[in-house]
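Going in written order, the chains are labelled A, B and C, and every chain counts its residues from 1.
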């Protein structure tokens, strides 16, 4: 069954004009890559129906959500969305539990594969349920927001840098859980990030945005590899000396330059831009993980 | 003495009625003022704030003219009820609503403005309709604003004098409110009675303000992370 | 979802609701009932005590209830013109009741003079009997009268002063108060040295023990400035039984006696 998302139109912003002509099937998760200020969040907001001034058309699964005459043909609250905003946006003056309840009370009535308990357990929220939203750390807030979005049992999940505030350990765990849930529930996904490895693991198709325009569109693993310039501008360049490689397990031990220390966390997956050679250069090409390739 | 007690009761009834009526009247206005970007907003804000600076006798004077039995509004009222709107409790309620309007609108406006758009957007994405957002996101966040508005409106209406003097008169059980009763006692050199009422009002005003500051004052919470 | 909103609204108004109940209770206790057959009598300030006495008398003799509201004649007339809910108007002049009749706000049927008031100059502690021209020696701010703008006793007082030849600039400085009743009180309390009082005020004050006036201290103007006090039944009370009863009783002997005893002269009997 196709989950066609069609966006055709434009929106003027201070620093750029968002200009879109998209027609994608969200049966395969879609990622949006771009530098800060490229318009990724704005694009997400247009899909969510939060930008009244967007002149154009937004359609999902054949439903017209937004067209020239009626920006609110289907208003935001009726689109069946699950949204995680960059800043979390938990409802103030309420506990975490109350925030989750807010979503559950308005959720679509569908049978969900992932239960409330499984979510709060996996997202490490059980000890936070009775805490007021205001006292949560950034990472905790994002995880609560993620649980909340999923509990709304959405037809379409829109995630805007949902893992950025979490530390590296949590992040990898969360990516794994997310991947699991997405395939279990089969929810169409639009995932905004500037972290290539997140996109690599969670999306199959990718759009690259630059100053409001789509400069590339295609399969995630192809684009990530081919769009080295784009990645240059978004990934953190790291200078390193290869200490050892293990081709069988597709891992390498690198010693980072002083400049680079702290830019990459131990255990973090990185995307290499050149071939790996032992000791001095780079010896083996490591590709981002995808279904088609094996390590 | 029973006359004074009647004045207390009448004053409380007037203040309570005014406050209860102003809550639904002021809420949409305050909401619009909090979120509108229209150029007419400053005009409306000025009009709403006028009772703060206008001499009450001016307000009372124009109300006397507008609610007079010979005016459009006044004669309509007489046809409907048989009684004049001026020098009546109903007329005082109308006057008090206008006179105390800013005391309800302004705290509400501030409370509504403090509700971030981002939160309302998030609620919308969770499936909350505009009415749902109003009831379950905005109202709980505006609780303190409502408390402040109600207490201030009530206390302010209790202290009304100039307006009542102009178009309310001094009719026991109808328009003889506390401030008028005090004035009457002083006029008739009945200082003891005047003292009792005045001290009582003084204490009441202080109590109301203390309540507002104690329970609705800002508490700053440090948000970690 | 809306339960939270409702609960919140209930909490908000519960305090006010309690207040409402208290208020209702106190209103009922103090007898502010609008259901009994009753009339509101607006009376000139000088006549207040007498009116209260008449009301007490009539309430004892009949099932009717009366509410007396006192003020200066001009103010009351102005309020009536603006819709004040009075049923009978007892002024301290004839002009204003006449105005109301002409405007259709009162019926001519019961228009009558009910009392003739007596104006006097009260000057305690003055040397010898009070005299109008001797007032010129005083600072006008220590002399007091009702405001001629809306109090007939004040009008008469001003006329007496002008006829006695006192200068306009001096007259401007005389203290004007809201109604003639206040004059006696001010002099008794020492706020003013002399002033123009109504005989009824002195008598009422003597009864209460708040005002003590010795005969020698007062110069009466019974002949020079009689204050004809007229009354009317207001249009809105045409069918008010209590109000009609009141105006009818004004010409009966017991009521006229009450009026006389309070310091008024009586007009000839009218029908």
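One rule holds for everything that comes next: a residue touches a chain if its C-beta (ideal position, glycine included) is under 8 Å from a C-beta of that chain, and two chains touch if they have at least 3 such contacts.
Computed from a prediction, not measured in an experiment: that's the story for all the values here.
Chains that count as touching both chain B and chain C, per the definition above, do not exist in this structure. Comparing mean CA positions across the assembly, the chain most remote from chain A is C. Geometrically, the chain at the heart of the complex, using CA-atom means, is B. Of all chain pairs, the one linked by the largest number of contacting C-beta pairs is B-C.
A straight line joining the Cα centres of chain B and chain C is 34 Å long.
Chain centres here are Cα means. That of chain A falls 84 Å from that of chain C.
Put simply, the C-alpha centre of chain A and that of chain B have 50 angstrom between them. Chain C has residues 1 in contact with two or more other chains. Of all residues in chain A, those that touch two or more other chains are 106. The set of chain B residues that touch two or more partner chains comprises 132, 136, 140. Contacts from chain B toward chain A in the complex involve residues 118-119, 121-130, 132, 136-137, 140-141, 221, 223-225. Here chain B touches chain C in the complex through residues 2-3, 5-6, 8-10, 12-13, 16, 19-20, 23, 64, 67-69, 74, 83-88, 132, 135-136, 139-140, 143, 146-147, 150, 154, 167, 169-174, 187-189, going by the rule given at the top.
Residues 1-2, 4-5, 8, 12-13, 16, 19-20, 22-27, 29-32, 34, 40, 67, 69, 71, 79, 82-85, 178, 181-182, 185-186, 189, 210 of chain C are the ones that touch chain B when the two sit in their complex.
Note for the complex: chain A touches chain B at residues 48-50, 75-78, 80-83, 85, 87, 89-93, 102-103, 106-108, 134-141, 148-149, 152, 158, 165.
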